[in-house]
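Dropping the structures in below, format is structure tokens.
Both complexes below contain chain A, partnered by chain B and then by chain C.
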Partner chain A sequence: MVKVLIVDDTAFMRKLLKNILFSAGFDIVGEAENGKQAVEFYKQLKPDIVTMDIVMPEMNGIDALKEIRRLDPNAKIVMCTAVGQEQMVKMAIKLGAKGYIVKPFQAPKVIEELKKVAKV
Partner chain B sequence: MNETKLLAEIFDGEWKKVEVLINGKGITIGRDRIDFKAIMDVEITQNEGKETIKIRSGKDYLLNFGERQGQVYRFLAFNIKSDKFAVYFLSPALRGGVLVANSKWEKGYFSITESAAWFLSPEKIIRVPLSALGSAKKDKRTVGDKQRVVLAVTHLEGKEVITSFILCPETTLELLLDYLHRILEQQKPREKLSELEEQILTMVYTGLDSSNIESILGINTEKLNEIYDKFVNLGIARVVKVRKEIELTPKGIVLVSETAKKLGGGKSG
Partner chain C sequence: MSDYKTDFLHEAKEFVEIMNQCFLRLEKGEKSAIDEIFRAAHTLKGMAGFMGYKNLENLCHKLESVLGKFRDREVGEDIVDILLLSVDKISEMLCKIENDNCDEVDCRLIFEKLYEIEEERVEKEVENANLKIEIKIAENCQMMGVRGLLILETLRNICEIKATEPEENKIEDGCAFFTVYARGNVKAVDEALSGVSEIEKYSIRELNEDKKFLEISEMENRTELREEIREEKRDFISRKSEDVRVDVRVLDTIMNLIGELVIIKSRLLQIASKHNIQELSEAINIMDKSITNLQDEVMKVRMVKVERIFNKFPRMVRDLAKRLGKRVEFTMEGLDTELDRTVLDKMSDPIMHLLRNAVDHGIESPKERIMIGKSEIGKIKLSARREKSNVVIEIEDDGKGLDLEEIRKKAIEKGLISENSNLSEEEIKMLIFIPGFSTKDVPTEISGRGIGMDVVKTTVEKLGGSLKIVSEKGKGTRIKINLPPTVAIIKSLLVLVNDQVYAIPISNVVEAVYVDENNWKKIHGSPFLFVRDNLIPAFKISEIFGCEDGSGRKVGIIVEKESEKFALIVDSILDQQEIVVKPLTGFLSKVKGFSGVTILGDGTVVPIIDISSLLGGDKFG
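Up next is the complex of A and B:
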């Protein structure tokens, strides 16, 4: 079962993603509400995939991505963005993000994208 | 353009053979001559199990052109009465919030007819009914090597939400944005939604069902039904399924006791 860490500063978005991914058979190993927490949880939980919001307090998604990829160059991180953040997304892809989903999203597409990244 | 004669089928209670003439100015269907300027819209529909081109011009014509269907539809889409703007477009750019990998920028037109918006290029004919438009806003995208302001338009295709991008001169972009905003404004509910209602709307969009929504938000069925009713009354949702909740009668309870015995291999305990 693919282990997922969900990172988003909005509780509603975390719940939504958790529900979608759990229903699709992913194992939700943790939730973080900022980049700093995401890095800590990544070290502890060693997820197969991280869904990473970009705009967050404390440490944003780009910095968290850099830090996680520094710790684990094979980390699979899918950025979760709003429309209008193309520059951030491009930067994230350059820094090693494996994909991105744009909010608001539809469940089947999110599942498809994560399965593709996880190579399930 | 020379006149082209085609043998088609027309639906008028039943399918009948009809001769169709098409030239640069219009189309003649049997005895009816219709200028392209008088055609308000065309669309592909299904009729009696056949893919049909529906031509709206005072009255509706339902036609099937067999193997020439695609060619005729394309010709009509480019020539009927419309406001047509030369643009570059990327459609679909996103599908359900996920990047469409093999999509590319195309040179063509963004065209607006009475009831639809169109992305037209030599490769693609995409018709978006105005009722299927979701949003229109400016966005910045990298096109070639340059950062450009584009128009991001979301629209429905079946149950999937598509985002398409339009690149055009700024004055055209402003014009299109204004036009699309006016259409969307007419479709928008007058009443403002609460935070809870917005969350529920997002969850329905995402594809969650009632029981999931209730459990995530910690609300009961009555509350959710009340909000669903409001959405339906506002015209922003429609009922697709009514779920039933039941309780057992004494007869049902006895039956469950019998079933439990069977499941337990007929042994007590």
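Up next is the complex of A and C:
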């Protein structure tokens, strides 16, 4: 099973993503509520894939992405974004993000994106 | 599915027409045309996919992708040629679909050519690339630009991107279809791309060994796409329901019924005056207004813009000029002039013929033109306009014009006129409309042997129109066709013969003269009318129809048939009126001498004389 780390500062979003991914057979190994926590959890949990929100307190998604990619150049990170944040996502992709999902989430799209990135 | 087929074919043909026109605009350097063709090809592709016509879908797709390359580049004539050929192929497929319900047409050649166009561009631009990757992002993709960037970044990790089409920043702005030229390994690229979502399909081709290529296509979201097209289709059907297609015959029937109404109205009027009922007459007057309005409306419905048939001409002229090695600038004017549908449809072939003539016989070759100090590019203009109640269609060229002397010689040679016949310029020009006349010794594939010109004239005359040629040797030719806006109602002269009224279409009438001893001559037993030094064969209507002659001074109506004049002798002229033509039906339709009947306001049935069949045949010739 593909191990997923969900990173988002709102509990609601995390729950939503968890439900979608759970139904598709992903193994949610952890939830982080900011970038700093995400980096910590990544080191501990070694997930196959990370869903990364962009705007978060303490450390934002872009910085967390940089940090994680520094620790693991093969890390597979999918950005969570909303309409209007195109420039941020583009930057993230140039920094090595492997995919993106758009809020409000459409379950089939989210699942397809993660499956493709995880190559299952 | 079959109820969609008619809609599909109809719509598809419209798209083909659009593409044809746009290509010509493109050739003139109008860049905006590309987008339109692109859209047309794209929509057609979607429709074909929905209907399950695979070949058509593939061809449209190829066309679309080739066009994608020319978005911001010059398009040469030779390329437009190939693109036009593929549009022809599409037409061919549509024909096949219409008749055999399948689209299996051999398109290997055209595909090869389209590939060539694509390849050529590659060689020119991207030297070190060995892969050509075409990617189509799913239409329902969110943030297409981001997806494009993601694809580029993904590719960059495993191969070296040499160039993209359009440029990378355009892809980042959102571009559903793009091409990447890269140096790398097919397998790696394939694997990388299969790991990116929201790609509807992609193909990878190896470039260097030109014929051998590997194509991998993935049609994901295929069902979804079909669903979408189905939606579009439904939209299209409900949108279209605002205008209804009506058989022209239905309109004829309505027109006829209106005619009946007019007659009933006159009867009611008679009753009203007989019994002196004021109220009834008033009511009838109001009814009359409504009937007139109704008649006008129906006439309006029958009218269509000349654009409908004119639109196919630019392509024809272009192809023809190209084949003959001539350079022609073809312009059209007055495209929104309206004409009765029946008239317009019948004029399509004659106009085509005249245009062919203009290109083939009229316009000189570029060399010749330069030698005589004309611009290398010949001009042909097709225009339509309203002139009083008539519609005038003109075909004008700045070519060699008619050589009167040559026409005269030819006509004598062919025995059409005698050596010493004294003909006016006008008459000599009209000789080209005589059956069997042709100034070309060797018939060309295009203009034929000169059989069309007489057909052109007959068609125009049958429609109640007339034709005039203005031409000056070396300067050009202008052919002016005068058409009545409709055939359902014609202007005619009402004449009286032994108390019976006949109608003669005004378009046939040249003039009317009184008949007396001075101008009534019998030569070898045949009667002639002597009008201004000309002998015109005369026919008594009473003799033709075998009835008694009326008394009193006679009137000779001079009519024209195939450039020859005849005189019809009648008792008197009653009136000039617009009449509603009711065609003869059933066994009556074979009766010679009449084109139909009309009913006058008082209920009198009046036969309409058809000059060409009345005076046709050996009996009168």
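As a convention for this text, the second predicted complex is superposed on the first by the 120 of 120 C-alpha atoms of A that agree within 3 Å, B and C clash if a C-alpha of one lies under 4 Å from a C-alpha of the other, contacts with A are read in each partner's own complex, and residues count from 1 in each chain.
Everything that follows uses one rule, which is that a residue touches a chain if its C-beta (ideal position, glycine included) is under 8 Å from a C-beta of that chain, and two chains touch if they have at least 3 such contacts.
Since we're looking at a predicted model, the values are computed, not measured.
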For the three-chain model obtained by superposing on chain A, do chain B and chain C clash or fit? clash
After lining up the shared chain so the two structures overlap, which partner does A:Lys90 touch, if you call chain B first and chain C second: first, second, both or neither? both
So in the superposed three-chain picture, is A:Tyr100 touching just chain B, just chain C, both, or none of them (first/second/both/neither)? both
If you stack the two complexes on chain A, which partner ends up touching A:Ile20: first (chain B), second (chain C), both, or neither? first
Examine A:Gln37 and indicate which partner it touches, taking first as chain B and second as chain C; both and neither are also allowed. neither
Once chain A of both complexes is superposed, is A:Asn60 in touch with chain B (first), chain C (second), both, or neither? neither
Who does A:Lys109 touch here: chain B (first), chain C (second), both, or neither? both
Tell me which partner A:Thr51 touches in the superposition: chain B (first), chain C (second), both or neither. neither
On chain A, which partner's contacts cover more residues, chain B's or chain C's? B
Set of chain A residues, in rising order, touched by both chain B and chain C: 83, 86, 90, 99-100, 102, 109, 112-113
How about chain A: which of its residues touch chain B in the complex? 12, 15-16, 19-20, 23, 83-84, 86-87, 90, 99-110, 112-113
Which residues of chain A touch chain C once you look at their complex with the stated criterion? 81, 83, 86, 89-90, 93-94, 98-100, 102, 109, 112-113, 115-117, 119
Where on chain C is chain A touching in the complex? 142-143, 145-146, 149-150, 153-154, 172, 194-198
Which bits of chain B are touching chain A when the two form their complex? 94-99, 137, 139-142, 152, 160-161, 163, 199, 202-203, 205-208, 212, 216
